[in-house]
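Presented below are the structures under discussion, each in the form of structure tokens.
There are two complexes below, and they share chain A, which is joined by chain B in the first and by chain C in the second.
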Partner chain A sequence: MKRFVVGLGALAFAALLIGALLEPLMANTPGGVDLRVAVAAHMTASGVDHPVTAVLLNFRGYDTLLEIAVLLLALIVILAIGIDPECDRPRAANPVLQAMARLAAPLMVVVAVYLLWAGAFRPGGAFQAGAVLAAAAVLLHLTGLLPSWQLPGLKLRWGLTAGFLIFLAVAAALIPQGALLQYPPAQAGKLILLIEAGLTVSLGLILAGLFLFLSRDPGDDA
Partner chain B sequence: MIWLILLPLLWASLAFISGEGRGKWLAIGGLSGQTWLAFDLAQTVGAGGVAVEHLVGGWGAPLGIDLAADGLSAAMLVLTQCVALPLAVYAGAYYKRGEVAGAYFWPLAGFLIAGLNALFLSADLFNIYVTLELVGLAAVGLVAAGGGAQQVAAALRYLFATLLGSGLYLLGVALVYGGYGTVSISVLTPLVTSEAPRLMWIAGGLMLIGLMLKTALWPFHFWLPPAHGGAPAPVSALLSALVVKASFYLVLRLWIGPFAPLVAAAEWLAWGPAVLGTLAILWGSWQAIRAERLKMLIAYSTVAQLGYLFLIFPLLTGADAVQAGVMQAFAHGFAKAGLFVAAGVFIKATGQDTVAGLAGTVDRLPITLFAFGLSGMTLMGLPPSSGFLAKWLLIETALDRGYWWLVLVVLAGGLLAAVYVFRVLRQAFLQAPANTSLAAVPRTLEWTAFVLAAVSVLLGLRGVELMQLVGVMR
Partner chain C sequence: MSLVFDLLLAAALLWSGGRCLSVDRLDRAIVLFIAFGLLMALAWARLAAPDIGLAEAAIGAGLTGALLLDAYGVVKRRKA
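This part shows the complex of A and B:
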């Protein structure tokens, strides 16, 4: 009975949303804004050639700055709660898997660097590159080549925070230009690459940390 | 004003780098600077009579993100820094060295305050969503930090409520973007008319419900008492005094901003929040009167006090209602922070979180008890406290519009508050059982409670400046 009511409610909600979307959108709202035109018009001043990167790191870079803070915060919350880690991999490591992982990991690092570089002119960028780095760390961990992380040491804490701090420093350093994150068009490309390089490393560590801090190696059952 | 966002982000990250339990002086130093910045901003806005703007990246809306501080924003910023600074001093003395619960308090609190400041300054609907996530996640982390199973369960419930709330808000933002192609409040506001497409009504409804859930308005309050009552005292104070006010601020901002033409087209709509607010006052006070645990009593009192904030919605045809709302936010912010930190002192001294355990504390902790009484005075609305001023403004505005039953609700709420406050005071004046002993408590804890409570009372004398400031609208 309860499931029926919940299902009916969800169905009605979905119907309401679909009904709203069936209305012609931009057309019947006089004066609606088309941001695609605005983005295209300012691409030359953005310092990069790909509109997604231009929006994420330049036009709406402030959103991205706060989103990096959210990701860092998520990791701090996990550390603060102190969830009991569980061992989620077999005791004996498979030598074939280990050999494959040893081959794959360096390749993944190269892919990450390429994705970072490609972000300037095609889909890619710091988030994708960081995710690949994190995947490499998780792969190494699951095949038993990389131990799980306990409480973060000073170096790891710097690594986790560095990308955010670089972004914050660049954003603040540009305030004399007129506003937060106001890149001078000539240097915009270089500054964005600097920010993204820092973010790639830190995001890789943060995303890997979300997995590795919650994991435990076989053997230390304490 | 941009430094009000960057400074807490900076000290929060540095506190994380410097290690577990460290960062107290970074936080107190940073917050002192922020307090000065907030007052400076309020001065600029109040003297200039116009909102201060900052176009991030130099692009300007709709391409970039705008930040804007009008009187309402500036007032909320002043409240945030002025409550957070004494709480930082308190937390520094509250957490013992090496205590698990306090290991990550400073970075979490820093990100929380950065999120709040960013929210109050933002003039972009999507950017506000990001700040809501920052605030919500930090608040959940603070509730859960190092606690037992019960505390983590309360935090999880809080997490689901706050995620559902921000999810509904985000859905609303997506619909608005689909309809108008922009998320900038200043660009959107002139585009919306009373003949707005149905989509805008749905978006407004979703955002309103999501934000009421985050503000814990009755009947969405279910997550608040366990989360606020179960957390350590400095955390409860931060959450009750500031975090729930952020989503209320946002409801108000949208109600008098982009959604104003829709609200004007359907005047009955404003009675929804007001009726829920009335029920919140009655239900929350009743639960507070019955509560066994001291912090639960204070948490239910928050449910009741939040109700007053929503009484202003039918009165929003004039600027005076916003002033009454902000005054209530200030009164409750300082008084509730004072109550929770005083409760923290009592719990540390008696070793138990019950109202019954307070017997005999009048001899040993007179300053704390006095602070509790002063804060209670603000909640009851006795003159000259800021609570009195808030209720006075509310009653005056309601009579002006001829809504006499709102006056009855406000008066009844004050009486009910008196019942639960005097319940605690009476217990504290009783003779202690012969074999009880109270633990020693650092003096800093007692005096910060006193400062917060005293501010909540004395603010009533400086209310005029605050109301002038709030009068400056975007």
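This part shows the complex of A and C:
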């Protein structure tokens, strides 16, 4: 009986959430908005041809700026909690697996660059490209080809923060335009590509770092 | 045909999500979570949002799954 009541309550709450999600999409209801029209009307000024990239990097660039800042903060917190300084040995892996990983890793880098480039006109973009880069690093680590990371050196620190710094620098340089992250339409495409390239490298390193800094295991003696 | 696929996908999503929460072994729950993420990526693709599908497959299923498996390994070694 209790289970039934709880299940019914959960179902009602889920229905309420779905309703709340759908409500602003109804353009004909009062208070409803249809942002697709607004995005489509300004696509020419965005510098890219794919609406999702236009929203993420241009119209709502501030959100993306904060997103990369949050990810960077998460990694800094992991580093601040402290990682064990002792080095762990690379795990012994199957040679066939290692050969596969050696073949796959360069391909994954190519895919990442393609995704970054394709983001301007079709689904893709910095986040996906960064995730593929990070996955390549994780794959290399799991097959024992890449040791887990020590405290980051200067190069790694620059790499981790480059995306955020480039984004911040562009935002600061554009402040005289009057609004935060308002790109001049003529240069918007180039600026977005610059920011996305920085974001790809940094996101790849940050996401890989979440794994490679954490995966050291001091109890790994057996 | 595509309706059948969509219904199957929705059923598989609900099933894997429910099993993931209710299964009593941690390793099975993690594998179910990864399967759930991949099905979710398919669902996003079916909803004409391939951007979210890509991100879900790479981050939700791939990286999170790898992190969970790694954490599971540590937990198991600590217990032993």
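The rule is short, and it goes like this: the second predicted complex is superposed on the first by the 180 of 222 C-alpha atoms of A that agree within 3 Å, B and C clash if a C-alpha of one lies under 4 Å from a C-alpha of the other, contacts with A are read in each partner's own complex, and residues count from 1 in each chain.
Following the convention adopted for this analysis, a residue touches a chain if its C-beta (ideal position, glycine included) is under 8 Å from a C-beta of that chain, and two chains touch if they have at least 3 such contacts.
Keep in mind that this is a model prediction, so the values were computed, not measured.
Peer 1: Between chain B and chain C, which one contacts more residues of chain A in the superposed model?
Peer 2: Ranking chain B and chain C by residues of chain A touched puts B first.
Peer 1: So, does A:R102 touch the first partner chain B, the second partner chain C, both, or neither?
Peer 2: Neither partner.
Peer 1: Tell me the contact category for A:I81 with respect to chain B and chain C: first, second, both or neither.
Peer 2: The answer is first: A:I81 touches chain B but not chain C.
Peer 1: Once chain A of both complexes is superposed, is A:G124 in touch with chain B (first), chain C (second), both, or neither?
Peer 2: Only chain C is touched by A:G124; chain B is not.
Peer 1: What residues on chain A does chain C touch that chain B touches too?
Peer 2: Comparing the two interfaces on chain A, one with chain B and one with chain C, no residues are shared.
Peer 1: Can you tell me which positions in chain A touch chain B when the two form their complex?
Peer 2: Residues of chain A touching chain B: 16-17, 19-21, 23, 25-26, 28-35, 38-39, 42, 58-63, 66-67, 69-70, 72-74, 76-77, 79-82, 151, 154, 157-158, 160-161, 164-165, 168, 171-172, 175, 177-183.
Peer 1: Show which residues of chain C lie in contact with chain A when the two form their complex.
Peer 2: 50-51, 54-55, 58-59, 62-63, 66-67, 70, 73-74, 77-78
Peer 1: List the residues on chain A that touch chain C in their complex, please.
Peer 2: Within the complex, chain A touches chain C at residues 52, 115, 123-125, 127-128, 131-132, 134-135, 138, 142, 207, 210-211, 214-215, 217, 219-220, 222.
Peer 1: Could you pull out which chain B residues touch chain A in their complex?
Peer 2: Against chain A, the touching part of chain B is residues 2, 6, 9-10, 13, 16-17, 19-20, 54-59, 62-65, 100, 103-104, 107-108, 111, 114-115, 118, 126-127, 130-131, 133-134, 137-138, 140-142, 144-146, 152, 155, 175, 178-182, 187, 190-191, 196-199, 202.
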